[in-house]
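So that you can tell them apart, the chains are marked A, B, C and D in the order they are listed, and the count of residues begins at 1 in each.
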Amino acid sequence: MSSAMEKIAFIGIGNMGWPMAACLVRQGYDVKVFDAVPGRADAFVQEVGGAAAHTPADISAGVDVIITMLPTSLHVEQALTATTENISAGSLVIEMSSGLPSVTRTLAEALALRGVAMIDAPVSGGVERARSGTLAILAGGDLAALERARPVLEAMGSSIHRIGEVGAGQAMKALNNLVSAGGFLIGIEALIIGKSFGLDPELMVDALNSSTGMNNSTKNKFKQYVLSGKFDSGFGLDLMVKDLAIALDVGAAGGTATPFSALCLELARSTAGLLGPGRDHTEFARLPERLSGVQLHAEPNET
Amino acid sequence: MSSAMEKIAFIGIGNMGWPMAACLVRQGYDVKVFDAVPGRADAFVQEVGGAAAHTPADISAGVDVIITMLPTSLHVEQALTATTENISAGSLVIEMSSGLPSVTRTLAEALALRGVAMIDAPVSGGVERARSGTLAILAGGDLAALERARPVLEAMGSSIHRIGEVGAGQAMKALNNLVSAGGFLIGIEALIIGKSFGLDPELMVDALNSSTGMNNSTKNKFKQYVLSGKFDSGFGLDLMVKDLAIALDVGAAGGTATPFSALCLELARSTAGLLGPGRDHTEFARLPERLSGVQLHAEPNET
Amino acid sequence: MSSAMEKIAFIGIGNMGWPMAACLVRQGYDVKVFDAVPGRADAFVQEVGGAAAHTPADISAGVDVIITMLPTSLHVEQALTATTENISAGSLVIEMSSGLPSVTRTLAEALALRGVAMIDAPVSGGVERARSGTLAILAGGDLAALERARPVLEAMGSSIHRIGEVGAGQAMKALNNLVSAGGFLIGIEALIIGKSFGLDPELMVDALNSSTGMNNSTKNKFKQYVLSGKFDSGFGLDLMVKDLAIALDVGAAGGTATPFSALCLELARSTAGLLGPGRDHTEFARLPERLSGVQLHAEPNET
Amino acid sequence: MSSAMEKIAFIGIGNMGWPMAACLVRQGYDVKVFDAVPGRADAFVQEVGGAAAHTPADISAGVDVIITMLPTSLHVEQALTATTENISAGSLVIEMSSGLPSVTRTLAEALALRGVAMIDAPVSGGVERARSGTLAILAGGDLAALERARPVLEAMGSSIHRIGEVGAGQAMKALNNLVSAGGFLIGIEALIIGKSFGLDPELMVDALNSSTGMNNSTKNKFKQYVLSGKFDSGFGLDLMVKDLAIALDVGAAGGTATPFSALCLELARSTAGLLGPGRDHTEFARLPERLSGVQLHAEPNET
């Protein structure tokens, strides 16, 4: 892609990071990977290619670009701290997790003192679009750094939006997920009302999809993950709750009052409390199901 | 379309009814129109064609199909009562208003006793799609009656969904509008949070539209009617509140508990209370704007 | 109390009706009782005194005052219809259930045509205060009828408030229960937040009770029925949900927008959906407990 | 009170601090006061007695006990930092503001390193009870420090609850205010529903007060500050919003999901956004008034 392709370190090869790093390998990048789960980096090398780092510290030795794709900003802070000595001046950190803008800004300031640039570039689209390299990328940071990152980002995504300064991408990402979660929840409640009235959920989803009730969840999640009873989108409920909390936090910092969003967060948090850990975000549907005693999917509802 | 085209009475030629009746005229139907606003039927005949009824009673004399497109079920009840003597056995009533399923069912039962069939076929898509004859039609009623209505409906819409028995179309319509209103509100709140954080509303809408936050409002309403400050979609706030109330009513009848939807209705009702009558439904955005003191559109906010 | 004490029919001797009718017997009234549960009227006569009616129809034969204390207005309508022929002109109906103002008004109009007066006089205070004859009575109806009823009401209650015309007592009753339920729920959520922070629920209740957080639930319900794990106040969750629905219905009729109250109703309805029938209204506490995974009472939480 | 009465520094003599410090003077304590508002300390000395500090630093010179009564924990942090050098080992800080438990704990740890004890002892009851020395005091801290503080606290309050370790008093205070605000809001919404139905607000408040809808707001705020149109309780809306945010923050830290409380906070924040700064907390009533277009108080509603 670029005449002299940058050498890349990729930290966090989980549900999203794995297929994203795989896109980079496919594009010909020299990629070194690391993950906290033992053996995962080696598995990646075997299945996909690239090299593995074996300690948290040596991941950034000898690379130009360091990508982080971790659950939360806390993990990013730890990962970067562990390897800080090995990050050479002139390199670029691309933080792609859905993280907290305030933490990212603090990290960016600290790295700047060492001559290291940092942008944030969280993604939207889920595991499917990570695999096909067609993620939507919401970036924040100064223009020069973003231009430098562009070829790397284009290997993973099909649209790149610069939203503002560093942290802005993550703020936008959280807001995007808030809108997504709200559309999911109101859609599920509508299906539940309709089913209690005697309507067929599949027909209702079709009707929404050709009407103004259409949203990303009615199109890509309801039949696929909820009505099917599969609940296997690959995006965790805990991660969704984290994103909503970031969105509301961004709002509270700005002093805004957003009752509808606040209720959405609380209901998501309630679902996580009710169901326990390890759930898919599409299991958000189980809250209105339980509260109203109406089940949308065929299978018996496990406790 | 059909070898012997049915003669049609069209009651209610307002924002939606006018362009819908015009589609029928364009398709070659023999259309008689009536509206409570004096002079409106004559204006239609002059601009578009067809004939005008001059009393509420004579609108259904000599026709095969009677279409109602009125603000609420109450209006439909009055309109049909006024002309009941003139509805001949064997004709078909197509109720296309966004009405109350329970009232529609009662009307259908009464008409059945007189040998008159009735289906409900409310529409989604707004004035634009009414003009182009590409509405989404959500129908309820028995199959034979719906098949008879199909050519007429196809003159006005590009997709026809049969959701269930009579009333089911209106239940679905209300649920569709609930999902639409919820997606609108959560999207506006997200823009407000983002703007208070320093992000640009236009960029945010673009980002939502290529990400999972996409919904019908982010695509077709935010830039067009809200950020532009135009608020002229042509669908009234009072009508939206009515639809949400129907959706929740369908739910309460089924005994369902839907907190997120209930809050959406109350906030919509609050907006109507706060702004007074005669507002566009996109002015729903003014509630979060006022509550948080952040304005999304450029113009000074009028009281 | 009055020189010539009125003869009284008492329909519905359930949790509340039984102790209320017992107060009348204790005050020397001649009381005839009836209940849909077979044998209950006879049990009352044996334990407390008075006479039993054995068919729904004969309960009002030969009496001056007919008291109804039934679950809902629907039951009241049925009970009065069944005995309508036996209600003599000049008698007085005192409807003491927590019913729907609109239904009560319709009943009152029908009775007025037969020369029978009707007031509504629902009560607040629960089973304890019913036993001790110290209920708060919220009455609606014209002054003369209310004055006639006063001695009878004073046998059961310690405060009598005339709120307005017939139906006003029931509207006020529903609103009272809304405020009560809201105070209960916000108090329980506060205890849950506090417990998750490490505070002791008993100490928190004491602190609320000497501070501005005090309300009827913090005083009379939290330690008694929730922290104790007893959940046996004697006022059913289904009845509470009914009252909240009436309160919101009164509001919707008036076109008011009350988001906080609407959420309270939906959460109450959710609790009833989640727990199933036959629950005490203090089990409303189980919803926030489950949603947040924090339990306030000692015993293991049954499903 | 104690044989050798402690010398007291009082920082923050605003709406609450002034009458509280005055209680101490009346009880014979040697009190030195300071406030950020120029001239206020001197005014206190002239009207009430005691001595004035003239720089933020010298307030704690030569005293045994330092009391803080400031708007937020941020102010407390600044005030204590400014005078830190003058706080002698062995003295006791009593933080009486409604502050953030986490900040207070951090301050307490820092002071402990200097041999200074700290407890938190926020108050409930408002300006009236501050004047009469009958506040409810919600304390957190170790037992010895609290026992030492007791005589001083008893000069200002009539009940002292130890809730737990340092910070626990403030957590409890925030939760108390959450319950208080929730009771206020649901009560106001009920009055609005009732008024829209035709009921008289004064009669409704009386009815609530003798029924289960009774709470501290129905008793002490509705007639006094809302129906009267006075809105002059002396407790600011901004301070109430701060307390609710602390309560929810305590909850979020514990991972709890409390939808009803979250909506209460958002609606309070909305009211503050809608009305602008300098409002009394009882003006929370103006939100449901505006949202529903029903006004409870007689005077014309100013913008």
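The rule we apply is simple: a residue touches a chain if its C-beta (ideal position, glycine included) is under 8 Å from a C-beta of that chain, and two chains touch if they have at least 3 such contacts.
Because the structure is predicted, anything quoted here is derived from the model rather than measured.
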Chain pair with the higher count of C-beta pairs in contact (A-D, A-B): A-B
Chain at maximum distance from chain C, centres defined as averaged CA atoms: A
Separation of mean Cα positions, chain C and chain A [Å, integer]: 51
CA centroid of chain A to CA centroid of chain D, Å: 42
Rounded Å distance between chain A and chain B, as computed from the means of their C-alpha atoms: 37
Per-residue overlap in chain A, given as positions that touch at least 2 other chains: 255-259, 263, 267, 269-270, 273, 291-292
Contact footprint of chain A on chain B as seen in their complex: 101, 124-126, 136, 138, 159, 161-164, 168, 171-172, 175-180, 182-183, 185-187, 189-194, 196-200, 203-204, 206-208, 210-218, 220, 247-248, 250-251, 253-261, 263-264, 267, 288, 291-292, 294
Residues of chain C defined as touching chain A within the complex: 259, 263, 269-270, 273-274, 290-293, 303
Touch list for chain B against partner chain C, complex: 245, 252, 255-259, 262-263, 265-267, 269-270, 272-273
